[in-house]
Amino acid sequence: MRVVVPGSFDPITNGHVDVVERVARRVDHVVVAVLVNPAKQGTFSVDERMDLIRASLDHLDNVAVDAFEGLLVDWCNANGIGVIAKGLRAVADFEYELQMAQMNARIGDIETMFVPASPSSSYLSSSLVKEVARFGGTVTGTVPAVVEDALLARLAESD
Amino acid sequence: MRVVVPGSFDPITNGHVDVVERVARRVDHVVVAVLVNPAKQGTFSVDERMDLIRASLDHLDNVAVDAFEGLLVDWCNANGIGVIAKGLRAVADFEYELQMAQMNARIGDIETMFVPASPSSSYLSSSLVKEVARFGGTVTGTVPAVVEDALLARLAESD
Amino acid sequence: MRVVVPGSFDPITNGHVDVVERVARRVDHVVVAVLVNPAKQGTFSVDERMDLIRASLDHLDNVAVDAFEGLLVDWCNANGIGVIAKGLRAVADFEYELQMAQMNARIGDIETMFVPASPSSSYLSSSLVKEVARFGGTVTGTVPAVVEDALLARLAESD
Amino acid sequence: MRVVVPGSFDPITNGHVDVVERVARRVDHVVVAVLVNPAKQGTFSVDERMDLIRASLDHLDNVAVDAFEGLLVDWCNANGIGVIAKGLRAVADFEYELQMAQMNARIGDIETMFVPASPSSSYLSSSLVKEVARFGGTVTGTVPAVVEDALLARLAESD
Amino acid sequence: MRVVVPGSFDPITNGHVDVVERVARRVDHVVVAVLVNPAKQGTFSVDERMDLIRASLDHLDNVAVDAFEGLLVDWCNANGIGVIAKGLRAVADFEYELQMAQMNARIGDIETMFVPASPSSSYLSSSLVKEVARFGGTVTGTVPAVVEDALLARLAESD
Amino acid sequence: MRVVVPGSFDPITNGHVDVVERVARRVDHVVVAVLVNPAKQGTFSVDERMDLIRASLDHLDNVAVDAFEGLLVDWCNANGIGVIAKGLRAVADFEYELQMAQMNARIGDIETMFVPASPSSSYLSSSLVKEVARFGGTVTGTVPAVVEDALLARLAESD
């Protein structure tokens, strides 16, 4: 089975790393795919996000990194991937993701499988980590070391 | 990837059939495993449930049927299966299943992946179907035809 | 529009009264229908529950009281009523009631409309009121006075 | 009973159509009322939205279309309508709508009744349909044909 | 025990007043702390909000008012306060607040305790009250009288 | 502030220990109170549960252990305790506990404060731990060592 793990990854957190590690153990091939949203200025560029993902996941042999714009189901069909894997943290995630999954099944014949967040990372999100870092809180242990360095450097630039 | 779809299946509904069909399309092998609970008298015996599952899924080449007693993770490890696939209908399902998934990851190193119910079967459950049938409501289309026949026969016996 | 407000009403609480009052203001006719469940021993008999409902709602001209056994949709069709009205207190209520509503639409072509509980009665349930009364807590204001009297008398008998 | 079904309807989807059809079968008169929000640029103007609603619902004899600005309860009181009917898809909907319903009961003595979405349209929303169409995905079957045509034409203009 | 009740309080509602009153009865000292968010223009300035809080809570002897910018845990540690008290109204509140609480425990060794909203104020929020007032609806009883006066004055200015 | 942490504790888990430890750090005095339910046969007697709680919490100076039958608010008022502290794991917990908290505020003028479960124990419950142990799964790390020993001994007896 080949699966895609889509997301913004601005930047990748240890919660994302955990989900990809667990999926990669079970399936043949994983593509981590960064959603390109031209309308939204991120903290990191798409290329920077992809580099941070690669640096965070280079211990996994069967994981590739890519980016997509437009409909995820179109990217899936173009790349011969039939399954989307998504981490699930909370009830609010579940309802939104369920709506997306049912639409993606309808428009693209793509299946979605949900992977529950590990208890220890259930409260992590990219935006919360960035908010903590912005005000000088420590984020060690919530993101890979390479991401922590990049995040602190980026915040120093913007001061 | 080899996965198990566990449950009581007393009896299998079209919601279960839909989840197994969708999982079977994507993975190498699926085992539908009936939980044996000696403390609970079911509408159908475990053997009857397994027969109804086989009859409902015989159009799928890569699906086998089995039963287990005790911990699902022990059965998984004994059978070389590392992934549990579960259908998810509603928020209440999600919370209970998340708790079970986190415990199964801890005690047995087994991963759980959740498959969202199709919109058209999101309200189906074995117990609701049986309640409708018991009072003479029509259950055509909520369970496979072979299950409908077996259910009506069983209810006629118990009158 | 003629609607039915179904339930166990063992006994009717001020939360139920509030829902019926609000529905009765807006529709032509309301039937409050007690579910007869022979398998479950209640605190009050079905006749007693109907008497307590009548006593609690006799200020409403367009409300009748009845009982039903079996499928609610069969009772609806036999009585020319096409709409079920249900009070909704919490998310857990919502999911179960949504499942029932979708099944009732399928098997009986009956519509369900949900009426949100008033803030002041959102925490009331027959079982919680009985638990409080059983241990000597005051339930004044959570049920109509006639119900409070009946409940205290019933609990005194069972000591 | 006369009811209003309020919303943005930018544009109306088959989920909206289903809710209005089911309500219209049960009550005397339905007004579908478009919320005018001067602060928010929509995909369609309020007049266009009203035209699309009329075109989508012209098979229903007891349905009118209107627009309102400001408080819905003021519009209700000015138009002699005492009940708001709202479709409910998910738990997140429920909590927000419950808060609005309790406020509208307080400030305007207006009742809200919730109508559960049909299983087949529980994942539809105007914004999700527009996102799919924008990237070239097919939306046939998620909106009325007249809306699909208007949406594709509008998106072609904005390229 | 000394606790902080943080929030935007733009402006304070009777729901906030209820939570602070109930917490203040049980603990030694409460600080109501207004979050300063330079990126977001409020209806009232931080100083105005603090004045309205003071006016609304001056019947409570053990309550002080302050403001903070940045991480709440830093403010807590600087002020020798180890517990955050938050009102909880609904499930959606709960999930977001749980995520924040787990992060604040991690980065600042600060505990969070949740206080359930009273039934009668479970539907109140500053933004909903302002929306009602903006369109001429009555907000008497949803905010303290001093806040109602200030809100009506502010809305009159902006016309 | 003096608080009670009520529950069945059949037996105490590491999730309970975590909640009591965190509460005990912040308040003057904590009583862990075992609910006596004569209608329900537990795995451990009330005395055994109290002994296991004492053994699990003897590193905490300001924690006592007690038992109560009937209404918790009566016990609170008899013991001069005005605050109930409850661990919260999930949305389903939240709704039930909110209902209880609002009733306890009404009937006994007792406040409830909720303490979020730590991420690492959010999936633990006494019943799930017992189910795992019953079928031979390892429960090390989910309960205190003294509880694990007692649980394995009890299960050996019942074979």
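Per-chain residue numbering starts at 1, and chain names A, B, C, D, E and F are given in the order in which the chains are listed.
The rule is short, and it goes like this: a residue touches a chain if its C-beta (ideal position, glycine included) is under 8 Å from a C-beta of that chain, and two chains touch if they have at least 3 such contacts.
Predicted model only: the values in this text are computed from it and were never measured.
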Farthest-lying chain, centroid of Cα atoms versus that of chain A: C
Far-end chain from chain B, centres as C-alpha averages: E
Where chain B and chain E are represented by their mean Cα positions, the distance between them in whole Å: 48
Chain centre separation in whole Å, for chain B relative to chain A (CA means): 31
Inter-chain centre distance, chain B versus chain D - centres from mean C-alpha coordinates, in Å: 38
Residue numbers of chain D (touch at least two other chains): 91-92, 95, 98, 102, 119, 122-123
Pairs of chains, among all present, that meet the touch criterion: A-B, A-D, A-E, A-F, B-C, B-D, B-F, C-D, C-E, C-F, D-E, E-F
Residues of chain F defined as touching chain B within the complex: 90-92, 122-123, 125, 128, 132, 135-139, 142
Touching residues (chain side chain C, partner chain E) in the complex: 91, 119-123
Interfacial residue positions of chain F with respect to chain E in the complex: 1, 22, 25-28, 82-83, 85, 88, 91, 94-95, 98, 101-102, 105, 111-116, 118-119
For the chain E and chain A complex, residues of the former touching the latter: 70-71, 73-74, 91-92, 95-96, 98-100, 102-103, 106-108
